[in-house]
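We call the chains A, B, C and D, going by the order they appear; numbering starts again at 1 in every chain.
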């Protein structure tokens, strides 16, 4: 007899097959098909046309603007995330729950609301608009506004990655470092940072993906000046509305490639450093 | 990891350093033209020509930056500080709003240029699918059972407001027609509208690319463009018995051009739109030119039809905007009672 | 140079941890803080190490207002209950840490640090283990690395928090004797926290029996054993070999599953 | 003598340095980036008093938009709860080909810009799209209907549920399940009475997060929703429309309601987690 007895915590074969089938179907239909659609639509009329659409001046400038916005937002939000995580995870104080909720807030606030809030402050009809105009400082409908809107929506990404990780790790090692004579920065760079680097990298990755892909908040403050204040997602919408479907999906494919790159890098990290990540996750 | 952070900060600093250089405008050399959705191709053709003429006349160079979106949202952006030198929008009330709320130009701006500051006109036509399967020839066909009409949201789209008024004018002028019957007709019409996009482009996309609806109420130029670019032979334009004379006006924003020192070039730019070569380009882009000579040259492209005017029928945009599209206006009433 | 602890009071948000604790110990003494979990001994130790601060009271050591000295300047070698080794550093790096973070002017040369590490490794009998990582060591070995790390900074005071708690009985006994010898040789004032009376009596010169945030009795092991002064002490000494209760987990706030959001 | 710490009586000293610096940076940054702008938003809608605020919010169109946003977000969150649980279970417990690829794809909605997701979904579910065409034949319309909104919201919400319960599932020891089995429980009983209760807090957290995110979603929805007032017009879109109609108080009023709702959800969630962590 070759009947194999099932282990107690194992599910019946039928259940396993059904679960796997549903999971695969669900992920393929819900997630994979839209992704493929982006590339299929971009290449619908040939690779050459898709590439030529990316090479236009407006597309290039939107790519450049997107990179600049990400390059400014990332370090700022990384610094913020580290500071917030250090304060929240390594110390006790009143109002911690409130503070974490505030950090989380941009994450569930509609990005449109964020854009609206900046318009209300910096717009010509807003608080600071007229004064800024007097000084000839441009915030909304220019780079600073786009950066601010992006910062708003990406504020929580690094912090929410680091805080639970650092809470999990406790204060022991930092206390040991201090009792051995290390200063604050030494403690952080030599003890804390090596332990959180993968979490930090993961947070930065997600933050970057969101910063480059933000649409709702940016579209409200961008001004839609082609070749000047259109970020890639805004340009995608503009092209889409111009019937430039190939162009829209070509630019969208770049963003989709970025997303794939993010996923690949994340999976690679998890796979390559699985041991280390697990080790730094728990004792 | 520390090195990575440092590298990221350096990159950011470098990026930040390059920024002021990028959008910096050399005074008087750059014009920002804030326009509405369908004019993209038009100004793409017009701008280089103007730059060339300007160079010939003055020796200076001029760069014209374009911003396109729904007419209403563009006006909003300008009011909120989008630093436009000239606006070329879909209808006068959007520029009125800029005058009222941001005081960037005088209230009588429309008198400053010929033809109510509209160098070209257009109208609302029907775009139907190949072979006109639902046999749509005029306004009454739109409210036949089973017909789906695509038109954007009049609250945000200029084209939609023109379409609304075209329908209204037709209904009010038919035998026995009055405001009551017009309202009933328009209410019935909007019951046939399955989706309401924010801009003209969105509704064209839905109709052409996504295959929704039987008839699109469209700008004449937009319908031509859709037919030419998106699907030769897939669509046909139907001219109804009457429509409206759509006048998309242009204006320079005094406060902004004075601050930028661009008044001269902005004035020249707007005047250029009335010149013969410009009128030719406008005609080729399916806008009806004001110049009678050019218009007659292209008369084949623009079948004559009865066009009501906003002035004569509705007492001008200032009145029409509040009455039909303001809060609690007729459009709101139709919608509240409709669904 | 003696250690003087005067009426330390410490409240955590909900309960008092120390309710006025005083004792003195001469230079070079080996003091054991003995008591059940929750009696305040770890809090007291952490105050001595500069990791916790009392609400009231004073500590004098080496003729200094000890509480005013920041933790990093105290040179108090702290051995944590769970060792708190730097898990991303090799054994050698762990031991060298305290020396390598000194300001440039005071920092020994690389070679000097390497020499010291070697010395300490042989002292704790871990020769040849310098390139291992903490995860590759046994409990007893980790324990000795932690000790070597604390000794590397030439501590003025050695603070041990249940140092043998996580080890099995045989290793515990072995290390205990070794520690006693080491302390005798170096003459560093040492405070050890334990709930195991046998351990306390075996290594310490002086034993402070703690209960509920107070010292019930303080004296030599012989005195305490011979003449328990309170009922608590008597009862505590009787319950020999009572099952080890697990130490309370560190208070965790609400963000435990925050990580899981993304 | 070193500087004594008695100078500051408000806060107990702490062995780990940098608390005040990092908290200061955190608060300053939050103020600049989020709090001040949101305060500006909160001030805006009261120009016509409380009554005006209420009037804006109780107009049928606004009510319908809010109902649609919160309702479809709730349904999407429930769909994600069910499928997310199943997906997470399958991905952590079973081994099968391409498991890693499927697992990696879960994060796609985090990484893919919402506007790209929006145009992709609407192309996919349009009448002539790969999925839209066959669905149309069996009489189901997705694009440009409220169903399309649901699809977009399920899309963006899935990773929240899966990624929240996956680590708990992975950490969960098989021993408890095996113990249940030795005590005579059937597999189904074990799943229902041992596994599910253990997962419940995380499942709830993930579902709430998916909900909170879906309520405010804009980019992926506007392309696929018909944007028909009172049928398929979501609240964030109505904010944009109000803005374009120069109706700042109207836009801000809807924004304020959504802001309050999301903050309440998050606060409740964080308090809940704190309570659960104490258990």
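Criterion: a residue touches a chain if its C-beta (ideal position, glycine included) is under 8 Å from a C-beta of that chain, and two chains touch if they have at least 3 such contacts.
Remember, predicted model here, so these are calculated numbers, not experimental data.
A.B. asks: How many links in the shortest chain of touching chains run from chain B to chain C?
C.D. replies: Shortest path length, in steps: 2.
A.B. asks: If you average the C-alpha positions per chain, which one ends up nearest the average over all of them?
C.D. replies: A
A.B. asks: Let me check something: if the centre of a chain is the mean of its CA atoms, which chain is farthest from chain B?
C.D. replies: In terms of C-alpha centroids, the chain at the greatest distance from chain B is C.
A.B. asks: Counting C-beta pairs in contact, does B-D beat A-C or the other way around?
C.D. replies: Most contacts of the two pairs: A-C.
A.B. asks: Just the number, please: Cα centre separation of chain A and chain B in whole Å.
C.D. replies: The mean C-alpha positions of chain A and chain B differ by 36 Å.
A.B. asks: Can you compute the centre-to-centre distance for chain A and chain C, using the mean CA position of each chain? Integer Å is fine.
C.D. replies: Taking the average C-alpha coordinate of chain A and of chain C, the gap between them is 44 Å.
A.B. asks: For chain A versus chain D, what separation do you get between their C-alpha means, in angstrom?
C.D. replies: 15
A.B. asks: For chain D, what residues touch not just one other chain but two or more?
C.D. replies: 14-15, 110, 209, 237, 240, 243, 270-271, 274, in rising order.
A.B. asks: Could you list which residues of chain C touch at least two other chains?
C.D. replies: Those would be 49-51, 71, 73, 252-262.
A.B. asks: Using the touch definition from the top, which residues of chain A touch two or more other chains?
C.D. replies: Each of 76, 88, 97, 100, 119, 125-126, 171, 175, 178-179, 183, 194, 206, 240 in chain A touches at least two other chains.
A.B. asks: Output every touching chain pair, sorted by label.
C.D. replies: A-B, A-C, A-D, B-D, C-D
A.B. asks: In their shared complex, at which residues does chain D touch chain C?
C.D. replies: Where chain D meets chain C, its residues are 1-5, 12-15, 110, 159-160, 163-168, 201-202, 205-206, 209, 270-271, 273-278.
A.B. asks: State the interface residues of chain D toward chain A in the complex, per the touch definition above.
C.D. replies: 11, 14-19, 21-23, 25-27, 29-30, 33-38, 40-41, 44, 83, 86-87, 89-91, 93-94, 96, 98, 100, 102-121, 123-124, 129-131, 151, 154-155, 158, 174, 177-178, 181-182, 187, 190, 209, 212-213, 215-219, 223, 235-237, 239-240, 243, 248, 251-252, 255, 258-259, 262-263, 265-267, 270-271, 274
A.B. asks: For a test of understanding, state which residues of chain B touch chain D in their complex under the given definition.
C.D. replies: Going through chain B, the ones touching chain D are 70, 72-73, 75-76, 79, 97, 101, 153, 155-156, 193-198, 202, 206, 209-212, 327, 335-336, 339.
A.B. asks: Which of the residues in chain B end up touching chain A in this complex?
C.D. replies: 1-2, 5, 8-9, 11-12, 15-16, 18-19, 22-23, 32, 37, 40, 65-69, 74, 77, 79-83, 101-102, 199, 201-202, 204-205, 208-209, 225-226, 229-230
A.B. asks: Once bound in the complex, which stretches of chain D touch chain B?
C.D. replies: 60-61, 122, 126-128, 143-144, 226-233, 237, 240-241, 243-247
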